[in-house]
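Okay, so chain A shows up in both of these, paired with chain B first and chain C after.
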Partner chain A sequence: MAETLATFRQMPLRHPRPRTAGFSAWCDRHFKWLLVAPAVVLILALSIYPLMFSLVVSFINYDFQVPGHAFVGLKNFERVVFDPVARWSLVLTALLSFSCVAIEFLLGLAIAMAMVKSFRGRGLVMSILIVPLFISPVIVGQAWTLLLQRPFGPTNYLLTQLLGQEVTISWLTERPWIYISLIIADVWQWTPFMFVILLAGLTSIPPNLYEAAELDGVDGWQAFTAITLPHLGPMILLAITFRLLDAIRLFDTIFIMTGGGPGTQTYTASYYLYTVGFTQFHLSQATAGSWLFLIFTAAVVTFLVRRLLKAEVA
Partner chain B sequence: MNDRERRDFEAGLAQEVDALLRGEPTRRTFITRFGQMTGMLALSGPMLGAMTDWALAQAKLELADPSTPLGKAQALALAASIEGPTDGSAYRAVQAAKQYSGVTLSMTYEAGLQALDPRNFSGPMWEQLTGIKSNVVELSNPDQYSKAVAEHIAGSGAFDVLDISPAWTPSLADGGVIAPLDDYIKEYMNPADLEDYHPLYRALPTYKGKIWGFFDDGDMFALYYRKDIFEDPKLMAAYEAKFDKKLAVPTTWEDYAQVAQFITDQMAPNVYGAGHFRKAGSPGNQFDFLQQFRANGGQLFDDNMKAQLATPAGIKTLQNMIAANNASIPGNNELDAVSLWAAFLTGKVAMIYSWPPTGRMAANYSQTATAINFIPQSQIAGKVGYAVVPGNPEHATGFSKALSADSANPVAAYLFMQWVTSPPVSLARVMLPYALRDPYRLSHFKSELYADLFPGAKDYLRTLNNSANVGLLDPIMPGAQDYFLSLDRMATSVWAGADPQQALETAAAEWDATTERLGADSQKAFYVEFLKLPGSTADNTVEKLGQAVVID
Partner chain C sequence: MAVAGAPRSRRRRRPFPVGTIARVLLLGFFLIFVLWPIYWMFNTSIKPSDDYLAIPPVWFPDEPTIVHYTAALFTYRGLQGLINSLIVSSAATALSALLGTLMAYSLARFNTGGPHLSFWVLSQRFLPPIAIVLPIFLIYRSIGIYDTHIGLILAYTVFTLPVTVWMMFAYFRQMPRSMEDAALVDGCTRWQAFWKVAVPLAAPGIVAAAVFAFIACWTEFFFALLLTSRDAFTLPTVFRAFIGFQGAQYGEAAALSIVSLGPSIILGVLAQRHLVRGLTLGAVRG
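Here is the complex of A and B:
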């Protein structure tokens, strides 16, 4: 290597570039910074600047119907806090997201338990099971609308045939069916997510633990509570955290299936912010609402991530 | 550089040299290639844009068979643009626009079917006539407002021609987003062409004494009903026996609910009396509420700009609407505009009121275009009658063409607007099977070519004209979106079981909050301007003003 270096030093420079030599040296000195610079610029331009700008917007008037951008203090936040629709949308977001995630977890766990052992056609069944994950939520919403909408959807007809009496449920306009419809659509699409993660967790549990338990005369339920659940704990927390973060942004299916109605009964936080910002054009109010929503979300995320980290340490 | 740094540097240099001699990538080659890649990425955006523009520019002018009514109308539009009459607005616009050959005009259009007209017909024809290219920017309906405002604030000059709802005219004019047309009209237009608008639509783009656009879409509700059902002798006899009056197309909302209930009682589950688009936001219940509320004598605001929704007129309106819902097809409250069309076209519903495309679809004319094949074939063609909606029909939204105040080519943009809305060109456009532009000029309503478009088209045109004679306009003032949203929420909550009085009070409170937010005095000034327009109230329709147009 030393020889090579010596040889190289004696080689004449074919293209002396005195004018750029300084620049090259500068590049060499700051090479690591040059490498990260594009990413930093992108993050600043696409994340930090909009975030800061949105913070500014939430304290000024930025309304397409009211000229000027006067400073209004906390007025935009006040409008959101005292808006009963905003409060309801937050409550509904919590109710729907927790309901969906709880059902998806239970179903996902049950399917994962059923699929953990190999059987004929398992690959095909798994492939079919995860198909909903790849479908756009807008399409899912449209598909469920077609299935449930009266008078054209087949759901009521099928239920009538099954139950032997006429079923006339207004799935998309009548409480509580409207919430059940939204939960069904969400559960149909996202249960496979839970299933995939939990199945990965189940397959990583050493089988010898179950063999030892069997030798000790432990029954299935005891094995589940004493072996499966403790080993699956971190994966469960991970799956629930990821899913909950996604569920609280519920928008697409609401937009397609109910349009927020009837009244404001299916306004989630995302749908409320969309309506205020892009139907009513009160951008500063929508921005203030987004910040408040972010704070609530951050609290949930922090709680879940701490639990996740604690589980990892344990 | 100390010894350690020197050792590190030389070690690093040696590694690089070895790599160079082995022909492996070095930091320098990495930086070079990274720079090349970044450059390519930077270039790819504009290149892709240019290729897309080129591909779109290849869209050819689609002309119908010259022997058809549409083909003849298109030929007439072309002749009027090339040969004249030389004082016609179309001819003058083309002649004046030729000097701007090579310019590209950006124009907003509602995404989907609406944009097919400038892409397939008016855009390519205008380019062939003048050399001016068109760049059609498709936007969702709310974005047609918000993008226009946002681009104006940014001063980007992104748009030249804006397709706007007339309800937005005051706020866009006051906000400096759109420019007045009066001077251009004086210079380029044949004033007789302004007189060719139906009186309801003529004044729509006028605000504070100036003209801010050209009205371009007669979105008038009309009643479409099954003639075969209303003329069924058995049903007629049964109706007369039950109500001691003849079965007829309803002219009051009470009659409407009664007739709908009667048909449902007699014919369900094969046919139901009526159907309505009642689903939230699709496109919303505000139009139906507003037309019935004002026909029932309701006033939107009092002198202090307090909302007057929670009044007997409001209660009566909701009660009538509930009665109509109860008499309608199961799932009525879940229907949107398209599924209502499907219910009517498949023969499940005896009466609907909706926008003018209903008549063209019922006759199976629209479905001749592949772009609109998501609508089922009509099973009721030849059986459909047309009538004015009971009371006063709503002119629901509509479109005006407006000139962007930030346009870099305002004259060329104006001339396109003048040409495309001129009588012969606009006639050809409202006759396109896939377009959702509806007749709005007197020459449209009286057109023999349009009357030949499908069986019954003459009656259809007469009904649209008569509807405009007694039609009501959506409130044209800032905050219209907020007011509309409150009405839609109110109505859908009532359909779901909320108490009508309480729902009306909630909506009124929301209206008051909107008015307060926008400034009560300012809103009052807008409202006073709106009340001057024909069609602002049931006592101020074109007919009541003695300006009704009669079509033979």
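Here is the complex of A and C:
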């Protein structure tokens, strides 16, 4: 049977078959392109065309407050580059996403290591730990607002009881607490992401490597650095890449928890572009800024994905 | 909950199980960390408004109330948002699963467009939404589909396509092609071999991809915020109404959160076997 199929597979696939009329023969011939066509057309229409359109808008005046659509050259880009709020938002985006991803990685790795060995109730623990992944970031922001808000939230009360002295932290209105609050919300939601991917990596390491190491008298830490980390390498890179590329878009929790405030202190890149475009209606300034942000993202993507591909080949 | 994380007692005697204790503590702490905000949200949603300011906080209300649920659903149009969310997420999921499966099959079986086409689709996943939402907003307004279901459905389809394409791409690649070959030999057209043989075989993969697409649409906020307003608004955007009220609407916000949590958590936990593939777009088989 298998041999017959192999022979058939080598036969020319376009040999004339009965009952194929002109149209369906044409469909059969261009089958592979017909299958990709709908998805490609949709992506072209709603992603590539908008990108090109926004590039055009970036070079003209498209502002609900200034009439006319004159060509203005690089003026829109200049406005963004010389805006201190824009620069701060980019710095904050980098700082916040880096801190979030670092904490999520370390915590996720620790939990993944704790979950590798099976124990009673592991399935239940697993189901609970992944729940945050399925919750809208808006709701995560809302939940942490409920917990941290003064004076309604219970957090300060709990800390007061725990530490034995009065705690009155304005979690959502004062620096640096506001940043810590945003990081806590992000860590709450996305640590499971790291944990799930790293756990998959850990379980795929052949256990006999550890047995051999134990026979050789290697201690736990050495086994970790010599066996676990090298085997986990590509998986770590993958998890960090995916998470980082989402973290730099941080918007939803900012919108709900701080509204960019106090002042403009919690503006991330996405939030800055949103306010410029949708609350001040400087549309061409916003599109110019989003192109700059896109280039910035593309640089990060290229850097990380290159390494990722290299690691997978190795 | 910490009890659930306790490891099975070992027969072998060990000096002192430092590792085990550390593990139980870590998992116990993290379980509390994960569950605490969800519990507090639930607690707030059934708490009478008078209990908000109580010190010490009310850990569980003496007289639970559903008044916040009715207010959130009817006064704040949460029900309308829920219905819109269901319509938009289901339609976008169906469309995305269909188009994604078609494309993935072509990529996996015929290597259409080489690696460039598949990586081009993948790159869409990493595109910052802010870069395309502004022009889409302008385009939608000019062709009259701003604040309509169809507009948001199309946007969500494009937004979830990379996930469905790549998950199905990985699925088709690890599926043997002999059945389809046999169908071709029996005189089926390529379309029949795909639709009547490959698709039924790939059904579990399609369902998994659809679940993750649905969750992505259900929890999405950014596109919905900017492409809808009074008519096609989805559940997550209803939360705008609760910002900046200095606590007066916390019960309503919490109630709406609890309502919104249900569908995506149930689907997600049911599909957890496919979670790793879903999160890594099929790159890692869990």
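Structure notes:
Keep in mind that, in the parts below, the second predicted complex is superposed on the first by the 277 of 314 C-alpha atoms of A that agree within 3 Å, B and C clash if a C-alpha of one lies under 4 Å from a C-alpha of the other, contacts with A are read in each partner's own complex, and residues count from 1 in each chain.
Convention: a contact is a pair of C-beta atoms (placed from the backbone, for glycine too) under 8 Å apart; a residue touches a chain by one contact, two chains touch by 3 or more.
Every value quoted in this text rests on a predicted model; they were computed, and no experiment measured them.
Look at A:39: by the touch rule set out above, it reaches chain C but stays clear of chain B. Using the contact criterion defined above for the overlaid structures, shared-chain residue A:149 touches chain B and also reaches chain C.
Chain A has more of its residues touched by C than by the other of chain B and chain C. Touch criterion met: A:130 reaches chain C, while chain B stays clear of it. Of the two partner chains, neither chain B nor chain C is touched by A:254. When the shared chain is aligned, no partner comes close enough to touch A:240: not chain B, not chain C. Contact with chain B, but none with chain C, is seen for A:67 once the two complexes are overlaid on the shared chain. With both structures placed on the common chain, the touch criterion links A:31 to chain B and to chain C. By the document's definition of touching, of the two partners only chain B reaches A:281; chain C does not. By the document's definition of touching, of the two partners only chain C reaches A:121; chain B does not. Residue overlap on chain A between its contacts with chain B in one complex and with chain C in the other: 2, 5, 8, 27-28, 31, 38, 149, 151-152, 259, 278.
Across the complex, chain A is touched by residues 10, 13-14, 17-18, 21, 27, 31, 38, 142-143, 145-146, 149-150, 171, 174-175, 278-282, 329-331, 333-334, 339, 342-343, 348, 478-479, 481-482, 485, 488-490, 492-493, 495-496, 498, 503, 517-518 of chain B. Those residues of chain A lying in contact with chain B across their complex are 1-2, 4-5, 8, 27-28, 31, 34, 38, 64-67, 149-152, 168, 170-175, 258-265, 275, 278-281.
Interface residues of chain C, counted against chain A in their complex, comprise 1, 3-8, 19, 22-23, 26-27, 30-31, 33-38, 40-41, 44, 52-53, 55-57, 99-100, 102-103, 105-107, 109-110, 112-113, 117, 121, 123-124, 126-132, 134-139, 154-155, 157-158, 161, 165, 178, 181-182, 184-185, 187, 189-191, 194, 215, 218-222, 225-226, 235-236, 239, 242-244, 247, 250, 253-254, 257, 260-261, 264-265, 267-269, 272, 275-276, 279-280, 283-284, 286.
On chain A, the positions that touch chain C within their shared complex are 2, 5, 8-9, 13, 17-20, 24, 27-28, 31-33, 35-36, 38-40, 42-43, 46-47, 49-51, 53-54, 57, 107, 110-111, 114-115, 117, 119-121, 124-140, 142-144, 146-147, 149, 151-152, 154, 157, 188, 191-193, 196-197, 200-201, 220, 235, 238, 242, 245, 248-249, 251-252, 255-256, 259, 269-270, 273-274, 277-278, 283, 286-287, 290-291, 293-294, 297, 301.
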